[in-house]
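Next come two complexes, and both contain subunit A; in the first it sits with subunit B, in the second with subunit C.
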Partner chain A sequence: MFWPKRIASIAIGIGACFLIQAVAGKMFDFYGLRLVALAGLYVTLAVSLNLINGITGQFSIGHAAFYQIGAYFTGYLSIHYFAAGAGKVGGPVVWLIAMMIVGALGATIAGFVVGLPSLRLRGDYLAIVTLGFGEILRIIVQNQEALGGAYAMKDIPTIQSLWLVWALAFLCIAVCRNLLKTARGLTFVAVREDEVASAAMGVDVTKVKITAFMVGSAFAGAAGALLAHYEGLITPQTFAMDVSFIILTMVVLGGTGSITGSVVAAIFLSYLPEYLRNLKAPDGGTLYVTGATCLQWMLTIFAAVVLIRWISRSLQFPLVQRLGLYAAAVVGALVIGKLLGFGVNLISGLAAIQIDAGQLRMAIFAVALISVMLIRPQGIFAHHELSLTWLRGLVSRKRPAEVSA
Partner chain B sequence: MSLLQVQQLTIRFGGLTAVSQVTFDIAPGQLFGLIGPNGAGKTTCFNMITGVYKPTSGSIRFDGKAITGTPCNRIAGLGIARTFQNIRLFPALSVLENVVVGGFLRHKTTLTSSLAYLPSAIRETDAMKADAMKLLEVLDLQDVAHVRSADLPYGKQRRLEIARAMATQPKLLLLDEPAAGMNPNEKVDLMNAVKRLRDEHGKTVLVIEHDMRFVMNLCEQIFVLDHGEEIAQGPPEQIRNDPKVIAAYLGTPV
Partner chain C sequence: MGHGVELLAALNLRTLPEQLANGIFLGAIYALIALGYTMVYGILRLINFAHGEVYMLGAYVSLFASRMLGFGPTSNKTDSSVVNLLIMLTASMIVCACVGVIIERFAYRPMRAHSRIASLITAIGVSLLLQYGGALFLPSSPPPSINEKVIPPVYRESSRIVLQAPPAELQRDLDSTQTIYLDAKKKYDFYMSTHQGVGEFDLAPDGQALHDKYKASLAPFNAAQAKADERSVVITVRHADIIILVTSVVLMGVLTYLVMFTKSGRAMRAVSHDFDSAALMGVNVNNTITFTFVLGSALAGAGSMMQATLKGPPLTTFFGFTPGVKAFVAAVLGGIGNIPGAVLGGLLMGVAEDFVIWLGYSNYSDAIAFVILIIVLLFRPGGILGSSKVEKV
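Take a look at the complex of A and B:
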């Protein structure tokens, strides 16, 4: 009974990937398709970092380094051997799959090397080492003429396979979920929760940490291979520090340790900046906002955050009532913002400042992140996974005190 | 032959000698008490026996093997399990899952089968959960099996620590102040539970405890530590009347 079910679920998964490819192909132009591909890559990156960071608790902020290793390693191989090799293995897609495996292996070795200091370092110190590793790697690549140097590694044969991108994302999600469902996965969480107690219970903490680093980097490496062949051109800047931070932000925003959270946050955060980049005025021209409007909205958001934080801290109601209160708080904040808006408009000069809305996108991005972290510091999904049990529990939530009484 | 043999055990942290020249033997099936005033070095002894600290000098032999300086998890694998003075559960895991982690030592399936969720991994996980459930029944925790361990009341957290340690199937169980913060009734229950662990499950128990009545009633052999040094060793009656022990606990008459 096991294998038929398993084969069916794999078939459904691959079918879903082809469906994404078909639907996206109908709906979007080249630019839109690229966003769907990038979203898939970011899902893989966030979920794999979540294994290291969220599930095993090893604070790594150099995930882009493994992404980079996969991209440059396979990019280099493809430039030199694609013409001779692709035909022999049976077409470009098979070649790409082979490159994903090679990229994963390369990144796994790097993951092992970076995992080693994690045995001695904790928290912030490990974060500094992983960050340093990422930067060192980027600077080395930047200075290698053979890898394209600071300019770019170009002329990588482009093999754009959207379904493969999402197949990797699904595989990554499945692997992490599988691990968490087995007894072995519990030891990963145990290491995050208390290293000393884990060791005293016989858990090989060393092995767990290294395994997490190796599995997590393998997926980042495979994602790198896909990126290199999707774009055909990669630069060291593609893997700069801010990429590592965006991946980390996805993990934290979604809820550290929650696979569902990483997926949702990855899709949301890879889409939001692009949406904001393309804001247009109704007539199709550049959208301008005045300084006064900006200030008014900042005050509105501030009011909303303060109100929601106050409600979630001091009032305890069942979920439905609480959601109602939150909605009321947002309406209240809008009203307050509108009222303050009249005052703001009186400040001379503010209304005359014209700002291109597209330029504000990173600021809006930052405000959105800060607001979410203030309202829900444990992340959108906290440590929960999307499941029927959790949803049922949400509706009839019991307080911890009731459980233990 | 003794199960645990501690000889001339000494540890120094910088200039401070926390434990000095401690020597004792625990026979299989013994209920052994380790007592002493606060800061005497009792927990430090535990940490050396379980491999958290490496002793400066001296030796520890367990079951005929030298284990001085062996890593923590290997010592657990040899058959020494412990609880912690300041409870150290895995808060985010459920009660059942905490015990499953304790049983992971005997886990056989490979990483690949876990990652692929193959039938072998599923079967083994199910079997481990069933074993853990049986242990929870022994310690009367089966009703809270699926509660997050952080949400348990204090007394149950203490019992869960014992259940988790038992899951490693140890020969020697080290309990660090198991009765701390318990009321007299809970203490009696705990004492009976510990006695059952020895009588019915064949465990040897080394216990640190401040509650004199608890130790005197439970233990067959007691070791008294003060300022890191031995001041007395013997059966409870002898310890109770030892002038040095009385002085260490109550001070000397002026």
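Take a look at the complex of A and C:
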């Protein structure tokens, strides 16, 4: 009874995509729809980076580069050939699917090229090479007049297909999940855990690493194609280094190696900036926070992190009691933050600084990244998947198992 | 191919020595930052991503220090001296050292028990926090750029070092036209200084005559100058650049003394050689790491003070990222963990970047760092002075 289950799940997946499109179309305006689409793209990006970073353990922080390749490559093709080609292949959506495949192919080649250094480098060196690759690409694109130069690539035919965005996300999730369930997927995890040992056990490390890079970047490239056709306008800044860092934050926050973790973190973090931007002051204007408030919250978070670290390191309790202690730590940190707030307000000038709440986005990402690393370096879900089995195991467990990093 | 030939033909090889000098001046700053990267990597095996942001904070410290010394946007004070610059340098170095120590204590030390990647992610987080969090509090491109007021005027002038003099007759032409020009300029300047409130375009007839003479003498002088330049090799250096180079060399000398001839320096080298054995031998590892961060961050502070004050690029909280990455590449190029290597790598980086600009690809000057990095890592991962080690189980 294998195939019926699989066909049913595929059908459910495709149905879910159309359901998202239908529901979102009813509920949201143009702006809200764009958020749903961006969330889908970020899910794809986070899960595909998770394949490289979390599952295979090749630390790449240049994922925006593959996204950029997909977007610029297909954007260029669409500008020049859409008018002639779309009718022949049978409509804009088919054209878009073709563009996704083309974008994925382009990014795959780039992924192969970037994957090559990973054969010789590991860890932090590989990270900086991937970062450098992204920057080189961005600088090259910036200097090509044919690609719009430093300003923007305009007039890409807009084909906005929400279900296709989420279909890609589901496909990406399915590929990664199925990979993890198979014997082939075990080799990926083996390379993450110990490269030398897995090579000794007969794993073709070269092949695994290159495959991870190629598959991961293919999905990012397809996502780039979707983005280019959704927005109709892309700039080099759309793919700047902070986008890579945002995707990385999603993977790390969710738990490196956990697909569901990446999905949850991607949806949450892609919504967060919009939430901040939409925050309104009581009188309806833009919400401003003072510098003193920012500092106070930083100190609060710092206190919470210190307390939680102390509890998790020095006290061994069953889970429920530990959760209680964590809650107490958070409350304590809030109290400490409130008390420190009086002191902070005394610093002249800080209270006078007005900060637009929408600008806090990247600072919040940074604080989240550091806090998660300090409290739980393996991420919120660690390498577990969010499932009933895991939750049940979590509650019934007497002592938390030590997870070695 | 045709393009390449044109490119070579367009190059004026007589400017090569000057470009080399400029590259070395640029590289001196990179070398200062690279030392911080290389020392921290040598001890913790951690790419200190936040080092570029420490550098950025140093520039802001020197900005605020210059304001405290009375060179704020509203003051008209212009009588600066070396003392002011030294105060700014010291302030920047001290604050940067403190920031470096704080980052190490609260972000890196708790991560030491975890994997290197976890530390690296924390470092990226700290770097992002300082960039974007700093942008919330610190002014962006604040007026004035520091160097307008606080630098003594003599630093802004340049000197010409003649490596190859032009042929005698050209030199004679140059001298004669220059005498006429300077003479006319002097007379005209004197006239202008005695007739206060008169603009260039509403001169009396006698003033107009002096003005015309001055303008007329300029063209032959420029022509003679251009002719002479074509046949000579001259290096024009700003005095500020020389100050940067000299200060950097002095600081590197101090660093060498501290690392090679003091007890703390010996501890540093021991920890860098073998972390665990050093701890077993009674070296206080935590203090040693703090000392390393003090040294590295103070050097970055000195570099950023000089860059921000004497060169004066626009100051934002993202000011440190690009120099930081380039300096890291410099450290890798020289052999990471190797102190002379960092200096050599920094100088090479500076020269390489300057040559890219010289070739006419100034848009790509930021990309060259990464290209060099990838080439070095692929073909000689240990760097020029380092030794590449195979990782053992």
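Here is the rule we go by: the second predicted complex is superposed on the first by the 358 of 405 C-alpha atoms of A that agree within 3 Å, B and C clash if a C-alpha of one lies under 4 Å from a C-alpha of the other, contacts with A are read in each partner's own complex, and residues count from 1 in each chain.
We take it that a contact is a pair of C-beta atoms (placed from the backbone, for glycine too) under 8 Å apart; a residue touches a chain by one contact, two chains touch by 3 or more.
All figures in this text were calculated on a predicted structure; none of them were measured in a lab.
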{"item": "Partner chain in contact with A:Ala190 - subunit B first, subunit C second, else both or neither", "value": "first"}
{"item": "Partner with the higher number of touched subunit A residues, subunit C or subunit B", "value": "C"}
{"item": "Which of subunit B and subunit C A:Gly291 touches, first, second, both or neither", "value": "second"}
{"item": "Contacts of A:Glu274 with subunit B and subunit C, given as first, second, both or neither", "value": "neither"}
{"item": "Subunit B/subunit C common contact set on subunit A", "value": "196-197"}
{"item": "Complex contacts: residues of subunit C adjacent to subunit A", "value": "45-47, 106-107, 110-111, 113-118, 120-122, 124-126, 128-129, 131-133, 135-137, 325, 328, 332, 363-364, 366-367, 369-371, 373-374, 377-378, 381, 391, 393"}
{"item": "Interfacial residue positions of subunit B with respect to subunit A in the complex", "value": "50-52, 71-73, 76-77, 81-82, 84, 88-93, 97, 100-105, 107, 109, 111, 114-117, 119, 121-122, 124-125, 128-129, 144, 147-148, 150-153, 156, 164-165, 167-168"}
{"item": "Subunit A residues touching subunit B - in the complex, by the definition given at the top", "value": "2, 175, 178-179, 181-187, 189-190, 192-194, 196-205, 211, 215, 257, 383, 400, 403-404"}
{"item": "Subunit C-facing residues of subunit A, complex", "value": "59, 61, 117, 120-125, 127-129, 131-133, 135-136, 139-140, 142-143, 196-197, 242, 245, 248, 252, 291, 294, 298, 302, 309, 353, 355, 359-363, 365-367, 369-370, 373-374, 377, 405"}
